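What follows is chain A paired twice: with chain B in the first complex and chain C in the second.
Up next, the complex of A and B:
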């Protein structure tokens, strides 16, 4: 077993493709990731899970090379000493307690039983499950299960953490607590890879993103830079309130808003060309109106719009 | 500093490997323990053992009661003397007039069929046909019609038919008599009288005297059970052994009777022959050795020698061994050895894939090949300890219930260890095979395994019937059964003798059905060689299957 190359980047992909028979999972992706939290964005079927399975040595690339810390994960399990992986699969050993589950898996990293239990308690504390670690996993809520999975991936203090859709199906409280955990990991200087199909989720965690679309690498870089581009495009904001007409009067007079619509009873849709400017005035305007607001939605502020915009940009170019 | 140094010493590659193995083995054990099907299979195995033990207590244990193997404890004619006692005195057990101490006819002379002189006078006991002019008749000398003794009360009431005997009329049976008008009699049978007798041409008359009747104490019937034990002194080089303890071979006049043309059959249902084994010594048992002169090849007794041995010693011991060998082969190796892997090993890796939990284990720094090995070890820890406990349970119970002087039969222990070991090797071989089949074809692996299981079952039965049959060697349990056969011979070296004694002395022990000497001794006839050969075959197969499974799994993409 060769020693892990300390200088090699955590993740290195060169011209990696993976196809299942005729179906292409990932198409010619080259990528290097080192340090910080990176969001892997893509709608369902974009190739996020295929990418992660390739990284975890579960699949063999059809083309190209993959290196984790300089080592091919299909041929060697050595990189996994430094990697924690949270799969999208929701299946667990429901008959085990979370402490059992994590400490058993921790021992596969070569820890002694005592060490594994000590470390497991520590990571369960870290994800906020210290009170329930003697309960069977089968009795946990969705969010708790997700946090157990994350804790299991952290137990050996890995340098690289890969999380496949960790926020999927979680309630808002669990979501927030998971996001905090991921941010904390990032601030500890670890390399974190987190996938999602919801832009807003990733936005709250990191600015460094990779966008996958139909198996291809669509964009890579800083989310804000991409968003700023997006902001120059028409945006819609949907406000649910008691009296849309009165509210519309207030908005139509302000600068960044160039149009209003009333799609349904109790709904107001405002249109803008400058999303950040609009965001600046919306809260004060709502307060000014004195109306009871039930929700604010941003139907264009999602991954599909972003991808659509990016694709449009490519097409334009 | 000390701490760090101590830690680094403990953190060797080996201890880490050890911990990974321990974790997966432990996980596998806990998973198996958490599955209901595991407990169902193990429970069924346990119930099977309880049933077999009930059978043991009911039939094998009862079978230790003494049996009259040669059937001479009966008293067919109801004269109070058992057959064995009557045979000693040379009497028939069909005639209540013949019994030990009954008066016997001793012949003095006779008028033959073709003798010139046809008349004789005197005071004798007679047997034959003639006309009697009596001086005195012993009318107390009576018997039943079929014993040939003339009943004088009947004779006085019977007038002879008109005409000449053997021309105009014939006597109806031996024991017939009738009177003429002139106080003479025609007699055809046995009687005691004084007077002149004229014997017709073509007839015969014997005369002599009856011995005095004397009283013989009737033997109890139980005396003729286990009365002719196997007299074997264990000295192999002494070929002629055995002694006719109950005297039913040594009785001299049986030979005379045989020459006489009246056949007697011995307890094997063959014509009585007091030198049936043709070694020139009457009423002995010939113990023939093999070429090396260290093992008995066959046992040939003369008629009725050593034919009613001590059942406690031979039947009980043999039945006990038959039970253990039968249970070891049928229940342990063939049934448990096949069903546990079928239910527990097939899904060792496959189930993890189906449950979607495999990635937890494979995203750790552990090789897939290692992973399969540890899974199998976990499965073996569960099934192996189960088999060990089950064999211990049945072993201890039968060792306490079984025949023998001690409280517990210590000589059974190595046999049970051998059975447990053979079953363990079978569990490992089938486990590796079924797990590999489940990996090669997750969909059809179970069906392939079942077909394979049927093959193994049939080959196992054939191996029990005849281990020398080449085809049956193309199976796994053939080799495990060889181990049991060999261990039996090592732990109970006299099993071969018991088996030969059973066939030589007609003891129905079943030992020859369930046990045969080991076949694969490479010509050495040494059971240890057979054990080593079998271990080699089984472990080679297991390692081969493990290797195939590992290489299949190593190149498998996990979706």
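Up next, the complex of A and C:
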């Protein structure tokens, strides 16, 4: 472990590209991550899994350098003593109990049998599977399997945890449980990298995000800061109310609102170029209207819209 | 959007995040300070672990034991189908069949015992046959044993997604390959070499032979043992190479049997038709049998030079190991 550079960032990518023949998986990405939870966002095919496979030494970069704790993961396995990885693959040893499975993997880190079992029990307890650790994994639900994957990634107490779509296909309870696990790990100072293609999921865990699109790094930083950058772009706000036309009259005279639409019965869509200013006037305008409001939605508050705006920015530029 | 922000290139976006290069040299990323509020369903508290991770040999031993102990119990180890376990047991017991006959020969007095002893006792041909005899050992036993053990050795890892799990731990490619190789070799060795040792030992013990007999026959025994070791290495190399290019244990097992039996049948047909043994250099079994005959001092029953068989054997191993190493070093074995 002495060869690991304690001062180096957990993850450092410099000009990393990966091509599959003529198809680009990752294109010239530079990135440094240290501490806390970072969400990797991107639509399907954006390059999230390629990025993770590069980090895990399963792919060799076509160009650029990757360092985990200062070491090239393709050339050395030393960083993996400090890394826990949850792949997107669902497959595990279904004939084993979760306790056997995790303790088997713990022994791949060189733990003794007793130590492996003790530690496995703790991580299974942490992910909420202590009551079912003697059941075979093949009988587990999707959410339980995801938690087993997280448990096996944590068994050796890693400093960097990489989670590839851990919430995919989980029911709401499992999602909440996994989100709690991730937030707890982040709050303990561990570096957690979590990928998803759903903005709302990541938003509930962290505000630090990296957005990938077609293999390129599209945005990085605080989610709200990125949104603020996009404030000048058109946003839509959908309001469900009793009388949309009367409400529209009030909004149309307001400064930040430049247009209205009536997409369906009892629905008003207002359009703004300044989201913050619009949010400032919406409550008072709704109160002034005296109408019963059933819902206020922001249809643009999702990853596709965010990417669309970022790409729109490129096109506008 | 401010004019100085250009989101056309990734690098510029990085500068936005880090503040136009400020702090990049420190390589520290910006991390969110606020945490979103969320209801808690489970009381989850994570305790750091302060133990020491074990050395390399402990990690490697865990791979080895996972595969080998799985033959006896799948609790925490590799799963072998009961049919596979039963077949391996039957092959193991069948490989020990000369021992009861030797025991019988030691019980029968006079000529009857001598006849049995000549049939089953230690001589060059019987020692060769215990490892390299075609029927039943190299027709029904060793290839089948290898196919059953080696078929899923790597392909199962790909199918179960566990090769990726191995490589997300401090297991390097060499250790992974070496431990897989060792696991298969030990299982094959246990059946093939243990039965050979048991046969030789029981022949001496049952007939009450002395040191002179032991010294006389020891070179023959060692010749047979070397043949057995080369057989195990060759079959393991070919089997693991096939397993590394497959996602199915069935394909790897059938592929292995096809290589062993297919080459033998083709060479046999050509020998019968054209009266030449040269095509036997394509058959791993015949190359081994040829070398084994030389090592045990038997009359060679192949008309082509022994060197051809040796070169062919070396080639089989180099090609197989090359495929295996290239599949693992390129991490192709982690593609599901």
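A few points about this structure:
The rule is simple: the second predicted complex is superposed on the first by the 243 of 317 C-alpha atoms of A that agree within 3 Å, B and C clash if a C-alpha of one lies under 4 Å from a C-alpha of the other, contacts with A are read in each partner's own complex, and residues count from 1 in each chain.
By definition in this document, a contact is a pair of C-beta atoms (placed from the backbone, for glycine too) under 8 Å apart; a residue touches a chain by one contact, two chains touch by 3 or more.
Please read all numbers here as calculations on a predicted model, not as lab measurements.
Overlaying the two complexes via chain A brings chain B and chain C into a clash.
By the touch criterion defined above, A:78 reaches both chain B and chain C. By the touch criterion defined above, A:217 reaches chain C but does not reach chain B. Residue contacts after overlaying the shared chain place A:93 against chain B and chain C alike.
Judged by the touch definition given at the top, the superposed model places A:303 against neither chain B nor chain C. By the touch criterion defined above, A:152 lies against chain B and chain C together after alignment on the C-alpha atoms of chain A. When the two complexes are overlaid on their common chain A, residue A:182 makes contact with neither chain B nor chain C.
When both complexes are overlaid on chain A, the residue A:111 reaches chain B and chain C alike.
Once the two structures are overlaid, the count of chain A residues touched is higher for C than for its counterpart among chain B and chain C. Within the superposed three-chain model, A:144 lies out of touch with both chain B and chain C [touch as defined at top]. When the two structures are aligned on the shared chain, A:58 is found in touch with chain B and with chain C. Only one of the stretches 37-45, 91-99 or 109-117 belonging to chain B overlaps chain C in the superposed arrangement, and that stretch is 37-45.
Contacts of chain A with chain B, set against its contacts with chain C after fitting on chain A, overlap at residues 56-60, 77-78, 80-81, 83, 85, 87, 89-93, 95-96, 104-105, 107-112, 152.
Contacts from chain A toward chain C in the complex involve residues 1, 8-9, 12, 27-38, 56-60, 76-78, 80-81, 83-85, 87, 89-93, 95-96, 100, 103-105, 107-112, 115, 119, 122, 126-128, 152, 154, 156-157, 173, 176-177, 179-181, 183-188, 203-208, 216-223, 229-230, 232-233, 310, 313-314, 317. Those residues of chain C that touch chain A in the complex are listed here as 1-2, 5-11, 13-14, 16-17, 24, 27-32, 34-36, 38-42, 44-49, 51, 53-56, 58-59, 62-63, 66, 74-77, 79, 159-162, 164-172, 331, 334, 336. Across the complex, chain A meets chain B through its residues 53, 56-60, 77-78, 80-81, 83, 85, 87, 89-93, 95-96, 104-105, 107-113, 152. Every residue of chain B that touches chain A in the complex is listed here, in rising order: 10-11, 15-17, 19-20, 22-24, 26-27, 30-31, 34, 355-357, 359-367, 555, 557-559.
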